[in-house]
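Shared between the two complexes below is chain A, which pairs with chain B and chain C, respectively.
After this line comes the complex of A and B, so read on.
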């Protein structure tokens, strides 16, 4: 079972790289959906292990929540938002994709060196998985910087959340359930608010290009 | 009482949903904030006499002590003042046809959700839940920042949501590391508990804790408006409706600072000194003050100027916490209270000026003292107060912090701080004082206050900050001493 978790953590990291290489907003959303599915699988496997050893349902409940929210609801919501604010396909990123991918690789190496300090308290095999998940956070952050469209930034935020969630799961064997639940409520509200703001920005600026948000300075 | 406080805003929100008439909504608003103040005062009384209070139900997640009560009282008192001010402010906005009457309900709904999230953040003892509440403050206030729904407000709201959500996400990484540092020391359910972490601080893993502190400082520092993560703050503060700016600046920043102080306490207790946290906090604090000083010098928009001044004062509090001597911590906590009262008063008077003159440009405003005799005077005196002139209360807390710096051996930092404060003072005088005198060339505005009740609230705040600089009630001192003991671990 644990072998699966290792493979999944690598696949999640890879999905972040794939996201970085995407060019269209529709493919961002689909990559995000795939990544969330991988995370749901991971939560499911860990949940089954937890159920067997400790008899707790927490992680399985979280797995269902991820499936409903991050695999089905949020991607659907983003697709609908995008359909409403459709604009002509144009280049959405600042640097070209090979450079972006190289920066991402550098981020992974950087994370590896940062997390080596933890080796006194966490077994090495888990540290390597943590490197994968913490890298996802940084890649998500970098994705937000590298994309100009508002929806790209929302996806970046979601990927950061995904990375945080995997880090929590691997590093702490799950937070207390109430914290997980609160996290999800916050996440869904944040996405709804950002979605509404995208609509309004589109109304006011006739575009969702965040480069146009440059009125307030100094 | 601690658990009743979060319930009041929830009931208020439910009641507001049911009402249609704006008159009733104003009444509910005033009643709710009044009740909150009564609850908070009773709670404060209990804490001063009995120390920390823990409530048994819901898994014991509610906990208050002197430190949380100080910030909680600030939240609720500023909440009362802004809710009184909001009544007149909203009526005037409707009269000027800037908002529709239906929007009053939305305003109050969001405002009380905002207050609810802040009260929650200050009354829970679980790091994870506190994080959730602080993230929720961003979400609840996002539409308040974008309330005017024009290009500027939307830009501010978008920046606010994105930057603060990402910042807070980084703080969550810090919280995960906190949890990791308690591995093997605390049971799973207690590993995010303030009290448990604090009591077992000495046996936590130091390297992880250091890493955790950096992440928490960056994360909550984003919300507290510390440079270089402050970029959302001037936009959000200048574009939000003025009472909301007062809440953001006077209350929200302190709630985030509270999170940093809690983490700081545990880390310092673990490392048994403040060398590590002190260096980081002093650096980030001085950088914030420097950034603010530069932007204040060149500012053309008075609400943005006030926002940068908030960054400056958060920097001063960070410096005080970095020094970590009893005097500095005392000064820092006092500065929190004084800054909130003064800054919210300034934002409220700026709101009156904005409604009268309909511009945020300093250069387009002349003769404020003639046209708005009361709020103009309050604004002028408030500017002196915020720049640290005696006899106002900010002077007394700033002098505490500066003395602590010099007597604590950080002489050069003290010198830099004093110099920067002088620059800020000069900047405020140079950019803002031309607003007060002179005649307007074109059409003349009718002299006279618009929001009379709100102006009354401003005057009360002005009296409070003036008296606060001259003497302090003994129970306030007692409360600050208790909180200081909690922070220093004595």
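After this line comes the complex of A and C, so read on.
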């Protein structure tokens, strides 16, 4: 069981890298969906362990929430929003993809060196998963920086949220249910607002390139 | 004496199985297109036919052109000696490790590229430059993944790596091995000129890499070039199956029967991997040349995550 969680945590990190290497808006959304599915699996496994040891079932409820929200609802919403926007393939990043990926691997090493000092108080297997999930946060942040279109920034935000969720799940063995619920409601609101904003930006500027927001339109 | 037997078995098995892999690959692809296709052993006949023929050599070419096929074949065969097909037989010490293996193969590749440039045809130069690009991109990932395995096994010699993997339970349930395995699959595809990187079955000037380099060859020389490529492909597949899908630990007796059994299992594994690779080729489209760095970056990242997990766990998998 524990071995399986380890593999899942590495796969989540890998999905962040795959996201970084993607160019198409559809594959952004699908990669995010896959990552959320992996996280739901992880929450499910941890939830079963929790149910057996402590009799709490809130992590299982969170798992179902993730399945409904992040695997089905939000990707569907993004697909619907971007059905109207004409950009299919992103061409301009701040750097080219292999360099972006190398920077990401440097970020993973950086995270490792930051968290290495914890090894005296936390067992090694937890540190491995912590490094992976904190790296996902960093990579999500970097993803937001590297993409110029609004969709990249939304997906980056969602990936940061995914990373935060896994980190808290590992760090606290499941937060109080009410906190998780609050986070999810925040997330939906944020995505809805962003979706509307993208719509408006596209309407006003005929493009979702956020660089163009720097220019005034008369 | 033991070493002589090892070398003999190694050469015989590798030379006998290598053309079969290509044949199976072509057959599976033909079946997927609802063609009947040539029988899997067609490449043996092809090689026999080519070996009987004389080679035509351009009169502006130098000795490199004539020497290259033999060098390519010899380096591939020398590399094959370092990758045991059956770890039952490799108990005796083989000098040389995987660094020697990689750079022996690179030596052959260097001469292949030089020979392609030698005749001065446009295709040769194009193929050489592409091959140089791909090989330099893919080399870091293969070295990092093999170094990871070497670190876990605490030895750089391939037989010892295989032994250590066999003693560690199922390798593909271990995160480090999974990452390195995926990296090695991409390396295998890139090194053997399979479809996402290069299409071995076309002679279209825009896409060919390996074929562009051997375009000028004919007869005996072509046979050696193709045989060398097949042996090289088999080396990478052997690495893959014997490290990540070990079966030798299941045979808990020794002697001639054990060696025979492990060789049969080895051939079965190779056939399965050949079919899987053909499936990958059927399912994917060829990448454009400038997307290949992205694939190489993915392979490197997989290997890198593998080595990082190993270090985070403080060698916990040894």
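We adopt the following convention: the second predicted complex is superposed on the first by the 210 of 218 C-alpha atoms of A that agree within 3 Å, B and C clash if a C-alpha of one lies under 4 Å from a C-alpha of the other, contacts with A are read in each partner's own complex, and residues count from 1 in each chain.
By definition in this document, contacts are C-beta pairs under 8 Å (C-beta built on N, C-alpha and C of every residue); 3 or more make two chains touch, one makes a residue touch a chain.
From a predicted model like this one, the values you see are computed outputs, not experimental measurements.
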Record, for the superposition on chain A, whether partners chain B and chain C clash or fit.
fit
What is the contact status of A:137 with respect to chain B (first) and chain C (second): first, second, both, or neither?
first
When the two structures are overlaid on chain A, which partner does A:124 contact: first (chain B), second (chain C), both, or neither?
second
Looking at the overlay, does A:168 come into contact with chain B only (first), chain C only (second), both, or neither?
first
Chain C, chain A and chain B - angle at the middle CA centre, rounded to the nearest 10 degrees
150
Partner touching more residues of chain A, whether chain B or chain C
B
Using the superposition on chain A described above, determine whether A:97 touches chain B (first), chain C (second), both, or neither.
second
Smallest inter-chain Cα gap (chain B/chain C, superposed on A) in whole Å equals 19
The intersection of the chain A residues contacting chain B with those contacting chain C is none
Which residues of chain C touch chain A in their complex?
173-175, 178-179, 293-294, 296-298, 300-302, 304-305, 308-309, 311-314, 316
If we count contacts the way the header does, which residues on chain A are in touch with chain C in the complex?
3, 6-7, 10, 13-14, 17-18, 21, 97-98, 101-102, 104-105, 108-109, 112, 124-125, 127-128, 131
Any idea which chain B residues touch chain A in the complex?
59, 61, 126, 128-129, 131-132, 135-136, 138-139, 142-143, 146, 149-152, 154-159, 161-162, 165-166, 169, 172-173, 176, 179-181, 183-184, 188-189, 191-192, 205, 207-208, 211, 234-235, 238-239, 295, 298-300, 304
Within their complex, chain A touches chain B through residues 114, 117-118, 120-122, 134, 137, 141, 144, 150, 153, 157, 160-161, 164, 167-168, 171-173, 175-176, 178-179, 182-183, 185-186, 189-190, 193-194, 196-197, 200-201, 204-205, 210, 213-216, 218
